[in-house]
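Every chain is named by a letter (A, B, C, D and E) in the order it is written, and numbering of its residues begins at 1.
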């Protein structure tokens, strides 16, 4: 159902101590949007994603997930979510994929994937296993389902982490530099899975340094600078001639290997 | 003195158990050569470098460093260096830079850099400090000389590791994927230092995934495959039309981000 | 060497082993439960509870068990309100007091060990759990506790062996376990070396068994760390 | 008040004796820790040597001295040690008894025990050294001895500090058992004061408090040492549980 | 060896036999008696405190030469060390809480004489009815322990303590109903228990407690033993022991036979 707003962020601010990292960011993601978030190190990309699923609490601003607003309590300069229950519910609707995979080391890949559906969503185990196996098949690591994370390559671990997030049937997937901890040769595996997801119409928000992904797969590029959205547009606009000077300078880093 | 053979490797073999990782590799580096070693993961690039400075003992083959042959004892299928003293001497003439920096965590950057000159080469401390500071200046981290490695960014740590290796005044520098543990934006810092070294005429052997470095900085490219040199040539030959199909397929991975 | 005497001594000492084992297992069990409570207070974020837990740990780790046991056994009875309370029928029993003071002591140590285990859990794995909507008890039960327990296990086995040895002090409060019986034998026969040698062997065997069991447990809980296929080694 | 006078420093007060005893506890524990450090270093080296029989020897040592109650070991060394010394004396022509001083016997016993624990601490610390840093040392041509002195020792000491703090804590309390040798350390002096004045609770509580003071003082020393040694480590970001 | 000097050990925590003063010096009945005995035997003596638990093995290991610590002369101990003649012999009795129903049991205030291993004495049996099902505390591995087991083992619960002092605390706490021990020791313990405890039943004397308390020496050191025996004899004969005993115990403990 294209046109439905899956995620809406209004004027998010976030400070650590006196340092204001996010200075008012707004963003909407419609069903099927694939948004690339670009920006220099320290520009606040990770913090932004972490605020959306409440791993950090934004100092100010509003967040709607699939039409439901996250209720916050602002009191004396600090803020916190009003209901842990709502937080857990919202988080279960947002799939998060971390740079460093963060698979649970004491569980096999399959156990990692069914953990959420069985224990958070409280769905029947057998059903979850069947779905998990289908997901692992899809990301291409079904053969490794009984292995432990430590026994997998980085690319395999990241694909397992994606499967784990997908198993929760999230409304939006958030990716924080999903390939930057990988060896160059393993990057392709993960990008292929992400491209397939995008083609199936999954709504995705992707922090990435892979210009080819931003250019070829996403339908919108958001460039952040010092806690603000410096410029945004379609990949063609951004990578074509029309980009802002700051963005042009930023992508200049990547063209050559120095 | 161009034309002097700094490093010469003849028909090196190395097996781990029954698995033969290096199956007879030969390579010569003249003074001022900058050789890029490319190859898929597992093709034996790291093992090759480690055999050169004897962190691994080659099963067979000969190694000359600056005209001096490393004496080996081969006996009943195993081999070991004949003289630990020679090994230590040879190693002090080969500067090694690791993927994971491996700075000594209990020493400041300056201490890391003077450690070898003072304690291995037994040179006067004051002199070593002066030289170390000049080196740190050159790699651009003089301001951090009293910081501990853990307090530096990856790019700064790697530059310190390069300074540490240079402080030994090595005849040849060996680099094992010096940038692949770094965030994309930090890669540039290190590559800049390496390019400067190359321009000063340092003899270098570099395992890398940075195609632009291989292409623009090195004067020879060696492509390894399954423990053998599959093809070798100048960057123009290799990256131009004349490369082998295997190499073309290999670099195909890098052109696009999938 | 007087083997007849050694055999006889061994026989006498072995009869006291069930008492040692009873002291040991009950105090490890109750001490473990108490440790969980304390570690929850310690890391829970409430500053008052955390301070109480810190104080508890400080006192019970910092003073000799001998003094603790003496004060628990002989000291509590000095207070009329305890002697006339419903607790007295329990506290009157030397065995209960011995278990109580052993458990109080090990709880302090175990709490610190468990806390170490919790700190060793990667914050990223916790974050991953939060990001799929886990929190509170579910997070502790499914992610935090299993990983923390696995981390704490080696230190905890050491603590358990220390407990086994600590039961030797229970004869102070008239519970006659192996060491107490050994000391009594010595004051009857004055053959210190032989008697203590027998006692030492008994403890050595008991502790050896405990350590084997613990390392078996450790082994079965570390499948995820074992046997990394060489092809994937970095 | 009579109680205050009893633990005070007047002519009827036990204060001075108790403080002296606390000092004795400190001395005997420190000596024991030093003995244990030497033994621990040797045993951990044996366990790390990779030679089957040395490893087995190390394992026997650590198993035995961690598995037998401390009291028994103290007795065995106190009495067994004396008879050994006496028979050595006899062999060298000295007639009569050669006792082992209680201080030495006690420190030796506690030291042998702490050696078993320290061996494990050192071994763990050695294994915690990054392999890469050792390789980096080899790669600039450091020979074994130099590598050991410049890279391994400083890092082992750094990683061992928290573990050594625990061993110190254990030894401090094991030293309470030396009272059976008659050495006037804190535990025995508390017992003697209790028995002589029949103020059992008073002196056991005072003794306990003195032990707590020793503990917190030594905690402070070890924490300071740890902070110093960890200057070079990243400031740990504690994850919320 | 001509024994110009000797080391004497005592626990230093067994008031009033021997104890430690707040300045660290030793005091009490035995240290004072030891001074007298050494002067008379012309031995230079050094007093050292050591722990009761290891005293006898330590004597045989050579750490000191004489034990003077209210050490009863018994057959078992004679197997491992030598003894002088006794310098004291004390009665034994039961103690209980003053307000206990067991206070003033049959025969309180009387004295009976018993021989080793003797049972079925009518004054002792008279107590059995009252003590039935009660808990009696004794110090482990003493002659008194054997007496209690022989006579009350079938009707009462017996609990063994490592020290008499621990037992006294439990008697005050009410964890046990009765204690049985050296009456001289008890008399002193009652004072520090604020007189909440009292004797009950008859005082028992005689060879059942062995020959009394003597000095312990190594079996080989017969010359030392003989010298000390002479000194003890003279101290008993001229009443020195009695004077010291009255000073510290308020009763005369010198052996009567």
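In this text, a residue touches a chain if its C-beta (ideal position, glycine included) is under 8 Å from a C-beta of that chain, and two chains touch if they have at least 3 such contacts.
Chain identities (UniProt): A, B = ATP-binding cassette domain-containing protein; C, D = ABC transporter permease subunit.
These figures come from a predicted structure and were not determined experimentally.
Contact with chain B and chain C alike is made by A, D.
The leading chain pair by number of C-beta pairs in contact is C-D. At the far end from chain A, in terms of centres built from Cα atoms, lies E.
If you average the Cα atoms of chain D and of chain E, the two centres end up 38 Å apart. Note: centroid distance chain A to chain E, computed from Cα atoms, is 83 Å. Between chain C and chain E the centroid-to-centroid distance comes to 39 Å (mean Cα coordinates, whole Å).
Computed centre separation for the pair chain A/chain C is 45 angstrom, with centres defined by C-alpha atoms. With touch defined as above, residues shared between interfaces to two or more other chains in chain D number as follows: 75, 79, 200. Shared interface positions of chain C, defined as residues touching 2 or more other chains, are 74, 78, 122, 127, 192. Remark: chain D residues 130, 132-133, 135-144, 146, 150-151, 154-155, 158, 229, 231-234 touch chain B in the complex. Chain B makes touch with chain D in their complex at residues 53, 55, 84-85, 87-96, 98, 100-108, 115-116, 119-120, 148-151, 161, 164-165, 168. Within the complex formed with chain A, the chain C residues making contact are 122, 124-125, 127-136, 138, 142-143, 146-147, 150, 221, 223-225, 227-229, 232.
Interface residues of chain B, counted against chain A in their complex, comprise 40-41, 180, 183-185, 187-188, 191-192, 195, 209-213, 216, 253-254, 256-258.
Those residues of chain E that touch chain C in the shared complex are 53-54, 56-57, 60, 76-77, 79-81, 137, 140-141, 159-162, 166, 169-170, 172-175.
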